[in-house]
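The next part holds the structures, each set out as structure tokens.
Okay, so subunit A shows up in both of these, paired with subunit B first and subunit C after.
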Partner chain A sequence: MIKKRIPFILVIALLLVPLSAFIHLTTGEIYVSLNDFFSAIFEFKGNNSSHVLIREFKIPRILIAIVAGGGLALSGMLMQTLFNNPLAGPYVLGINSGASLLVALSLMSGFSFFGSDIGIISAALIGAFLAGILMMAVAQRIRSQISLLLVGLMFGSFTSALVSILESLSGEGALKAYTLWTMGSLQQVEFDQLPLILFIFICGIFLSFILIKPLNMLVIGERSAGLLGLKISQVRFLIMGITALLAGLITAFCGPIAFVGLAVPNLTRILLRTQNHRWLILGNLFFGAVFLLLCDSIIQLFSEQIALPINAFTSIIGAPFVVFILMRKLK
Partner chain B sequence: MNNIKFFIALNCIFLLLVVSACSQKDAQLIQVSKSKNSCKYSKWLQIYEGEKSIEIKIIHPDHPERIYSFSGIKIASKNLSQSKEYILIPCKNIAALSATQIGMLSVLDAENTICAVSDSKYVYNASVKQGLQSGAILSLGASQEISMELLISSGAKTIVHSAFSGDFPHRKELKKMGITCIPNFDWREEDPLGKAEWLLLFGYLTGKEEQAKKLFSELVISYKATMKKVKKQTKDQLISGNFIRDYWYAPAGESYNAKLFKDAGMNYIYSKTKGTGSYTVSMEKILMDTKDVKIWINPGFSSRAEIIKSNAKAKRLNCFQNGKIYCYSNDLNKFWELSAVQPHLLLADLYSISSRPSPKNLHFYKELK
Partner chain C sequence: MIRFEQIEIGYSKPLIFIPSLTLDAGKVYALVGRNGIGKSTFLNSIIGQIPLLSGNLFLNEQAVQNILKIELPKVIAYVESRFDGVEYLSVFDYLAFGRSPYTNNFGSLSSDDIQVIQEVVKDLNIAHLLEKCTSEISDGERQLCAVARALIQTTPIILLDEPTAFLDYLNRQKLVQLLVLIAEKQHKTIILSSHDIDICIENSLEFLIVSEKKILKTKVSDKQVVIREMEKDVLKSS
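On to the complex of A and B.
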């Protein structure tokens, strides 16, 4: 029964991805028919505005929503398994804060390399990885889950304070660039950047699948997994590396997007009711993509009335869900 | 008993004197209020000229019921009502806290009245720059974080501020020290001539009202002369504004910029939209709306490379690929300082851009390469 239920849910989730992408495609201010869509893909003409709209604006936005939703959910799941804590996630544990701090430093440092796209992406990746290493070191010493989360939140506050100091010292241009970056966006990615993004994303998924067995063993706790022969430090390093790669990639191209990495893995666990990471990885990828596609569709739907940043919108939906998880845990 | 009677009589005389003084003062002010408003185009500034004083009324654009009233008097007196704010004119020490104010004082040759400025790195006027270098004019720092200590030590008696975030900080305390804070809402005017009319305020403040009136009437004539040249709207469509992250912010159809475009005969694509501020457009809508646009005005950058660096999606717009882009970046500081008080030159630039294939001798604008 269980064996049939989980694949069934996953097939539905998989089917929801193209359906959500279709909804996303049709909720924009400019209507796009499927005919136009396919002709823009297979018979692209640079002087046709509809083709440019679809190829340069619609497709990158849809694909980055899938990558960001799936990637953040997957990295959140990895964090939750590593720290054995349902409230862990790249945002709560300060991975995003680390990326944000390094991006702020790069944008406001005045070095031209850091002002470039590659500079910002490198800064986000390094920041995410350093924050991950720091949190891992703290996790070695602190056993309490709540204390670890508090440390993550404190780290977030600390980086915010540093960013505020940087803001007060920086010029108007850098300040504006950073403030806009913090709002998050799924619309800044160029069609030409997609191959690189998809390549890193697929690498992240591939590495996660390689770690299925260690991830399943970590569910019973690090100590027990170690007794069963798992090389904990190596696994930790790999998990943190994958998380930093995915969260850093998404933060670099889209800015911070809150709560997806926290809410979606919990939702996936509730729906699938399994600790098998073979299913959880797939579930997080599909549900994460659907979640962000639908969030962005709602933003598109109301774009004439209100200009909503994606980061604010995911927070509005995600924050109550975290409260729900906390209350559920306290019961 | 006689003493008491004498005391009551004395009090009565004193009261009568006070009442008569007040009624005289009120009568004088009523006389001022009944005179004609000197401002014809401004929405938020009213100036009533009396024989002995002038009355300045500044209406808060967001709270029209809030009116800032000032009485300009030429001779200081101790018998003035405490309920009103008085300005001794001509003002000798003015703290000008925005570029447009420096511009207005400079066209009146009244830079010598400026004792302090904010954002000094953006100053265009040569004599103000010189004053800053010599220390005759104090730099108060960024406009949002003005140093109050420096402001007081500059000896300013009148502070003209842009009132972006309401009243000037410590307004009441400054009033007690004899410093008057005058809010300036020229940036909220929708009519370019209304914005330029704030020149009259500075004319009255500096005692150069006749010069201000003459300058203003000349610029109105010049502005209207350019408007008359416009026989019909040009066919080439125009867009204005730029992306800020995911959205394009364009001037709404009833805004200051939209009025300028209309007066210059430009075919602005969002001229029929409602509002006096910005009109927000999604990325995909701006792409489709601008597919036939040939002119892009005011992207807010000095070169095409800067536009792309700010938002790479801009290169997909037809007006970027096949059109001409103009910005007021010929000299940014000059634009911010003088464009408000020289709308006739601004209009002349826009008219040239819309009517000539290769406009030359532009005052504020340049074509971006």
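On to the complex of A and C.
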């Protein structure tokens, strides 16, 4: 009983991804033609400066926008289903904060291992996962959807206070490294880091698809799903793991990016009008990628005048949208 | 069929003791009793949400401890007192959850699964709802869908927790009549908890009256008998 409308919208969303990537390509400081772009990929020459530019800056930035947008939207969808709460998301529930706190700890600890790529990624993943476990424990005791949100925000304030204390205690070098990280940007990723990022991203997508049946069942509530034979605690742990993997990965490389994980899953659900996660996963990946590519394109447009942090920009669009959802749901 | 042998039910302290009780297939039982007397605890103990304190419970001649946890949804279906509906969840997708104990890891429906769904949809006359959202239909229609989902689970036992609580008189009457018909026709054991003694008597359900830490199984035609039985507790404690 698949309606034709859903695949139709998904195909359009899929086509929007290369289109927004193209927009992203043309809005940069230096104009890049499609011709240059493809020749840089297929016949790369190290002495061609525009090839180097494309390979070192353009491609990583476009790919990371797709990964970050799709990944954050997907992890937001997972959290909204897990908590049965349309207001859940990696940012508002403090998953990013947990990652930030551990990244701050590791950057300012002074050990060089923790300053390396692997060090930051592991710190972010562990921080994200611990925050997720904490929020899950809280959610067990709180029934109200709004209260959970407040606890998440309080947790965010608490961790940022801890981070401030850490900042005031740490040396200049570590402080600079951390401040740069928190700015949130899609430009810090290097070409060599891409395989690792893409690998984790694809693992996250693959695992989400394996969980389609439990995710669908969770929509009618944990208790009902449990009575239909779903192993709740196992599923909860898995979903939280994937969420932390995706949100932690993206937070590690791009810094905290707000509201994508909250706004895009709601938008996807409204557009697709379904609760079948087979479609929702795809929709979130496509719409998330398009959303972040377009946001970053706008940032590029103004990059000569001001360096806008991506986090500020997603909040400007995302926060009003969340208010809209609140007004719609909880009159 | 459900058989109780020397069963103690409760959280840490026993709330109800059942020396021996057999509930037959083909019948609908009305579980009544004052608020907080242990009706929900009783139902939750049967579906395994609350472990039995002692004794043996048999579901269709099978001891409950021998039934695997993932097999239990093929034996008992449970209908909650209220399903509020979920935005964008279609009635068809909701009904299809009833097949989830039988479907593979991706939840894809086989042609047999679809046939089961179609038969129940026909029996309950809800074909016109299939494409609608569960959040957009009326309370009565939603409760009917919840019952349909339980039937689609094709279990020999169905438990319903106050299924009539949020329905108007006509819908209550319709629902109870439907359950009686299903129990007889499909040879199922059905228990519903309720505060609506009138409707249970009108449809001549057998009563399970929870009072004084016991369960009394009885057939009554006079409301006063049930009330007197339920009051025993109050009289004793005062």
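Things to note:
One rule holds for everything that comes next: the second predicted complex is superposed on the first by the 329 of 331 C-alpha atoms of A that agree within 3 Å, B and C clash if a C-alpha of one lies under 4 Å from a C-alpha of the other, contacts with A are read in each partner's own complex, and residues count from 1 in each chain.
Criterion: contacts are C-beta pairs under 8 Å (C-beta built on N, C-alpha and C of every residue); 3 or more make two chains touch, one makes a residue touch a chain.
Please read these numbers as outputs of a predicted model, since none were measured by experiment.
After overlaying the two complexes on the shared chain, residue contacts for A:I30 are found with subunit B alone; subunit C is out of touch. Once the two complexes are laid over each other on the shared chain, residue contacts for A:Q275 go to subunit C alone; subunit B is not touched. By the touch criterion stated above, A:V11 is placed in contact with neither subunit B nor subunit C. When the two structures are aligned on the shared chain, A:L326 is found in touch with neither subunit B nor subunit C. Looking at the shared chain after the overlay, A:K213 reaches subunit C, while subunit B stays out of its contact range. In the overlay built on the shared chain, the residue A:R223 is in contact with subunit C alone; subunit B does not reach it. Using the contact criterion defined above for the overlaid structures, shared-chain residue A:A161 touches neither subunit B nor subunit C, since it reaches no partner.
Against subunit B, the residues of subunit A that register as touching in their complex are 28-30, 49-50, 52-53, 56-58, 180, 183, 185, 187-188, 190, 300, 303-304, 307, 309. Of all residues in subunit C, those touching subunit A in their complex are 47, 49, 69-70, 72-73, 78, 80, 83, 86-90, 92-94, 97-98, 100-101, 103, 105-107, 130-131, 153. Against subunit A, in their complex, subunit B makes its touches with residues 244-247, 280, 282-285, 287-288, 291, 311-313, 316, 318.
Remark: subunit A residues 1, 210, 212-213, 216-217, 219-220, 223-224, 227-231, 269, 272-276 touch subunit C in the complex.
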